[in-house]
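Each chain gets a letter, A, B, C and D, in the order it is written, and its residues are counted from 1.
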Amino acid sequence: MEKQIDVHYYALFRDLRGKDRETLTTRAATPRALYDELGMGGAFRLDTRAFRVAVNDAFASWDAPLRHGDLVVFIAPTAGG
Amino acid sequence: MEKQIDVHYYALFRDLRGKDRETLTTRAATPRALYDELGMGGAFRLDTRAFRVAVNDAFASWDAPLRHGDLVVFIAPTAGG
Amino acid sequence: MFRITDEPIDPAACRRALEAPAAGGFVAFEGWVRDHNEGRAVVALEYEAYATLAEQEGERILEEARQRFEVERVGAVHRTGRLAVGDLAVWVGASAAHRDAAFAACRYVIDELKRRVPIWKREHYADGSAAWVGGVGHEHPAG
Amino acid sequence: MFRITDEPIDPAACRRALEAPAAGGFVAFEGWVRDHNEGRAVVALEYEAYATLAEQEGERILEEARQRFEVERVGAVHRTGRLAVGDLAVWVGASAAHRDAAFAACRYVIDELKRRVPIWKREHYADGSAAWVGGVGHEHPAG
């Protein structure tokens, strides 16, 4: 089913995507499907051991169901400190 | 041989001896002998695993030879920090 | 308390917040911007945080430290934005009755923070180039 | 540098002395006077040092830390005299390229300092009594 998903980009993903945020109209059922749909798989094929994803400001499974209006953030390996 | 030894007292030993320092005329050949001679063995029998001794501002053996004019300091278990 | 800030961190103020009459030991870790990394000269670092989630995850880590170790107080602050060599990027502190717990809690918080909290850094090199630090880099895609 | 002082310790000044462009991690330990020990309420501590030997032995410990760990700088200051609850009795710090070395060096210095440096403390209790802390006590002779 088609729905709207907000995606916010940080750091590496912002550079790759060339923007901070966007609202996508998509049929992707999960963050994994959304990631693939964005076509970032070329340079950054999804590595679920290294990358994480947040849905609505909480860590989520790559296979969690996406709902209309969700906010998704892809999280590259962190390097705080 | 009789000689003069300066002894400085800190902390527990100052309390036991009732003074900061004194110059003793003694025949004690080593810090161990001097310690025994001072008669502190009653309350504080020498425990060479716990107590240390310094001669002329450096840690020394309890059996090092004492010379005229040496400065001796008995060191109770420390508790800095 | 865990805080993300784009203002300079004041370590003296952070430390005061952890004082407690029952605390006999206090350990602080500070991450400073250093002038090199993996053999390259670094002139600046740029930190970016997904602030909402970073603060939540940071608070979770502090709460874990309180549960695991006999501490009085723990706290951490992470800076964002562009920092020069020598600048303070992160401050972590723990106070406890005894030093074992203070050391262990401080170490736990900085290790988990680096591993789990969504903060990224880009290194700016002396030759003018820059790269995000982590498992993958913009200049050398893992793809 | 290792220092014995009867003036209040300034942790900010101690920290500044360990700054180095190659340092990415800094760890500090502080010993604070706490309000209890072994179940007794403590109102003050009195520290006394055999200063000449304490400074020598302290310097020796710092030098050992520099040899054993990949540190940039290490330093320590110990206060003497009468201190109230919450006062800073000892400060130890280490800066290093990486945090492992900074943690290890800081821990090494405080552990060795407590074990080897000729400094003693007397606890003053809420009931007006006092005792030297250590293997033996004035009030309960080991003899």
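Just so we're on the same page, a contact is a pair of C-beta atoms (placed from the backbone, for glycine too) under 8 Å apart; a residue touches a chain by one contact, two chains touch by 3 or more.
Quick caveat: nothing in here was measured; it's all calculated off a predicted structure.
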item	value
Taking each chain's C-alpha mean as its centre, the one farthest from chain C	B
Separation of chain B from chain D, taking each centre as the mean of its C-alpha atoms, in whole Å	25
Separation of chain A from chain D, taking each centre as the mean of its C-alpha atoms, in whole Å	50
Rounded Å distance, chain A centre to chain B centre (Cα mean)	73
Shared interface positions of chain C, touching two or more other chains	31, 99, 110
Set of chain B residues in contact with two or more other chains	81
Pairwise chain contacts under the document criterion	A-C, B-D, C-D
Interface residues, chain B side, partner chain D - complex	8, 10-12, 15-16, 41-45, 47, 50, 52, 54, 57-59, 73, 75-81
Contact footprint of chain B on chain D as seen in their complex	31, 47-50, 52-54, 56-57, 78, 89-90, 110, 113-122, 132-136, 138, 141-143
Chain D-facing residues of chain C, complex	11-12, 15, 19, 21-36, 85-86, 95, 97, 99, 102-103, 106-107, 110
